């Protein structure tokens, strides 16, 4: 059992989910409130990363993280190491790839929040920010949780992008999903089964806690 | 440009989405209405296929589609060919793997439908089925669309499960995502780029049409 | 009226108890005849359980105990766990807060309960009901794009359209302006009369209760306290709670001084009043006097054995619709309602003096224990 | 009252036009003084635009044209595209359909607008307002778990709690039972008086308008038709539309026969009536008579030049709250309201005869063109 | 971390080499006083893309000769590519399979009981190209081409047969001669004459953090100890 990989997987999934709450919610909020004519274009674009096979997306990310891209050069200049094959690069790639899993359910849930409640909050002097956090967000909670769960679970299982961008470096970019993948590739089914079971069990526990908290908050 | 694979990809994605509307909506409906204490367990379970790397999930599916499993034997007895390496098997695997993408947003959206409207429909003599289709479903539309879009886009891009279960047979299990993947593996970046572009363009068109229709139906 | 003592004709009878988790228990028992007098008004203070009763009747809530019978069908029975789902009860329910389908046009909302009818028939019925409620120009709009009163009428139309077997209307006209309300009230009354659909109507408005209802049931403090013809319940509340609910303006503690020939002499505040003796009273009671039963004069007239004359000082004078509400101090606080003309004639003003005349029969004594 | 003719003291002045896509145009212009007479009642038929006006004032809707000025601030000006967002207007709005936050407790709903206050202060204020509205035992519940009337009070509490600079109440008491309503009405009136918060209150209830309001503005057919002291508007509607809106029971076409010394002789139906001549009338007009201004007698008395006596046949008699509504045929249809006692004394019943007395000054002639 | 005297060398290793390389690495580490070998196993194509984009590998051991050649071509290599082994192709069938390759040779694949034949993708994997060539040389390719299923890697092809979904698999001997495959079935060596040589080459990478160590490891692999291990694991050896 690769404990380092287990830790890394959950850290990566947790950080990706957290980052997508921070990045995805504003995008979703914008999508659900704007009256811009062409917002369908943005909506459709958000789903596009999914359409490419993960390794292909990973390949393009690899190229744009590499030393020949401005992004890659800037990162190396700033930190001394490359963006590709680093945990930071992995995180960035995961965030990009999981964006649709977060934004789509977020936006769908926010779109169904009763406008009159938002108006009521504004009328009571609440700033747009407070209204969002105290009214829209709690009312859209099931959708937010759905998006977060999809992001989290999917990041745990993802290995195409991770493999390509991360390069399977133990302790920094070798996640549990790659371990399982490797084990299966080596026809080492016993290890694969054991690792899968751990992955499933821990994820199950995390999900049960998440859902329980969600129901509490809605019913209390 | 592999037209056969292009067609296959869209047929597979379309059928998977359609099947998940048929299968996922009842599950989501049940999840959003049941008061069963342990429903969190089911909710958590629904997300689990995501946690495993696609090829690993694919491997387990391959085994359970094989002649040593009752499912595989039954299918072969009924149709004369194996479930693995057939389009049917591919579809089944895609459905299983994409289940969370559909059910989570569906359930989240259905959970937020105002109970009083459902009650009003019942009071007006509408059967549970009619109530679901005429009241709950339209009101949950953004979430349903989000789930369908995720399923569709993800099935287009998926190749881990597809590869494992499908065996890359041209015309029946070789999808466009495998072509792109192959091209990248062979360092044939021109083909990969071209194919990706087609995949992106067609998907973009499909998504734009979907979202436009959705907004129409909500505002008309 | 005990609902288990069943009448001969068809009836809606229920006796139910609904327990809310960290909320009150709502109890209500009633038997409503269905062969005559179509409209029963349900009257009761805010929070007394009116909506809960209607929801239980419609099958949207399940009582913890009791039963509901409609004609010869048992819709609910806690003992046998029998339950007829709302779809099969054929009830038209107007929700207090409308519950219109936001994604459907007004026409589709009204026609929702007519799904089984052929299209042409459905459209005709929708138009008919919409005309009746003066909302025919709104048929194509969504509920979010019409006004509050218009929404209420759409909700009413939706519940009427399918010609239900039983109508449950939770404040059907409360959001409408006076003239529209009066008009619709009259037409609704004749509609209910002609169609013969038995109805239970919740209202908070005494005028509406009088104008719409045949019978009045008063729900208060967790049970049905009184049932009877509307006018009767208003003028003769069975107990203090009912008196308060139906808005008897004066309810004052009274102690009985003496009794004689069906009359009782009671002390109220510092005054003594003659009242009808309802019998069965202990020494302590409440005297209930409706404000409009008090006549004001400037000077005392000829006292009779059955009439009280109270000299009083005017405390406040405030207009109230077509009338003027005058609060007097005549040994106790007495509220009266007089016409504006009388108020002018008597030159009523705070501090001025007047004589209040109250017939003994207009003073209703109710036991204090209840 | 033209809002651009600005008064000396502080005022809320607006003149706005809101166009709805496939809906009507709502126009309203009004100037409300803020230094006295705190409560202005907005009266108008269902769909006339009352809610729309309140929403524009609160900043939730943007009019297509016009302006809104509050004291020396310009909240909205279509010409300069100036717009103060709702958060900065300091307005308390009670939504007609409450719009309570379903995920927050009653206490959190009421305290929502007090976010900036320290916790202890906030709690104290919430409790104070909840007590005032008799909902203090509901503080821990969610809105879905309280009754309709309780919800309305929570919504009212939520708008009062932050002590706004301007209160906009859209039917604040419509869902409450009579006694609670009367009680709260009185207390709300004194609260508004003491706090001095200028308020615009929408109501459909004449009694409520009289009891709560200092001034009455009538909104009908897309504009403010009349503004003035409540009683005055009720008794002297400026035109036919206002007369209908405020519920003048009798509005009948009248043609002027002759004029003399400030009086006009008009023909209404087959009867001839003496009425005050308001001047400026053409030959055709409407005669408006409030039902309670008609006195019924059994026999004719001494006719005077300023009093009409009409012999009449009773058509219908129906109880209406403390009064009885009697419809007469006296050459035209005349609705009257009499006390129950009078009805008894006169033995009024369909078919019986009576004499209707109407003072000339009680007949208001309004031009027919409007 | 990357001090003056690196105590570790990172190697990108073709997945099929894993069992052999693990043995070699352990031996080498013991000889070099605990210098760490950080091996990453995976697809050669991926490794190439990553190396082209600055992946910090010191040594690349590919599953064919083409990728190392391209690395050299791109100027990313330190010195020339070196061939360290040749792959041997076998036909693997599960236990109890009635197919008799010893008697019928490759013609046995046309047996009607064979519904599916698993090979690695000829486009991606040298073993796939070899399998295809062998079938063509045996003159049975056209007869069975509709029954062929492609695995993206040889592992996948192995899983297709091992799970029973295919009846025959063309696999590297290195894979078929170790558990679990060696326990679950038998294999038959395809005559090397009927398919092109499967040359596996490696290359030391330019900018390697520990070029000396990388060169030493490469030398160790092509040296006696390496050759012995490779041979044991079913590889043919380049002329030494």
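Letters are used for the chains, namely A, B, C, D and E, taken in the order the chains are written, and counting of residues starts over at 1 for each.
In this text, a contact is a pair of C-beta atoms (placed from the backbone, for glycine too) under 8 Å apart; a residue touches a chain by one contact, two chains touch by 3 or more.
Computed from a predicted model, the values in this text were never measured in an experiment.
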Steps needed, at fewest, to go from subunit B to subunit D via touching chains: 2
Most extensive contact between chains (C-beta pair count): A-B
Interface residue overlap between copies subunit A and subunit B, same or different (over half shared): same
Chain at maximum distance from subunit D, centres defined as averaged CA atoms: E
For subunit C paired with subunit D, centre-to-centre distance based on mean C-alpha positions, whole Å: 23
CA centroid of subunit C to CA centroid of subunit E, Å: 89
Chain centre separation in whole Å, for subunit C relative to subunit A (CA means): 58
Distance from subunit B to subunit A - Cα centre to Cα centre, in angstrom: 19
Touching two or more other chains - residue numbers and ranges from subunit E: 46, 49, 159
Junction residues of subunit A, two or more chains touched: 55, 59, 139, 184
Set of subunit C residues in contact with two or more other chains: 97
Those chain pairs that satisfy the touch definition: A-B, A-D, A-E, B-C, B-E, C-D
Complex contacts: residues of subunit B adjacent to subunit A: 40-41, 43-45, 47-48, 50-57, 59, 100-101, 104-105, 107-109, 111-112, 139-140, 142-143, 145-147, 149-150, 153-154, 156-160, 177-178, 180-181, 184, 192, 196, 199-200, 203-204, 207-208, 210-212, 215
Residues of subunit A defined as touching subunit D within the complex: 114, 116-117, 119-127, 130, 134-135, 138-139, 218
Residues of subunit A that touch subunit E when the two form their complex: 55, 59, 62-63, 65-68, 72, 82, 84-85, 163-164, 167-170, 182, 184-187, 189
Subunit E - residues contacting subunit A, complex: 10, 15, 18-19, 38, 40-42, 46, 49-50, 52-56, 153, 155, 158-159, 162, 175, 180-181
Interface residues, subunit C side, partner subunit B - complex: 58-60, 85-87, 90-93, 95, 97, 99-103, 112-113, 115, 158-159, 162
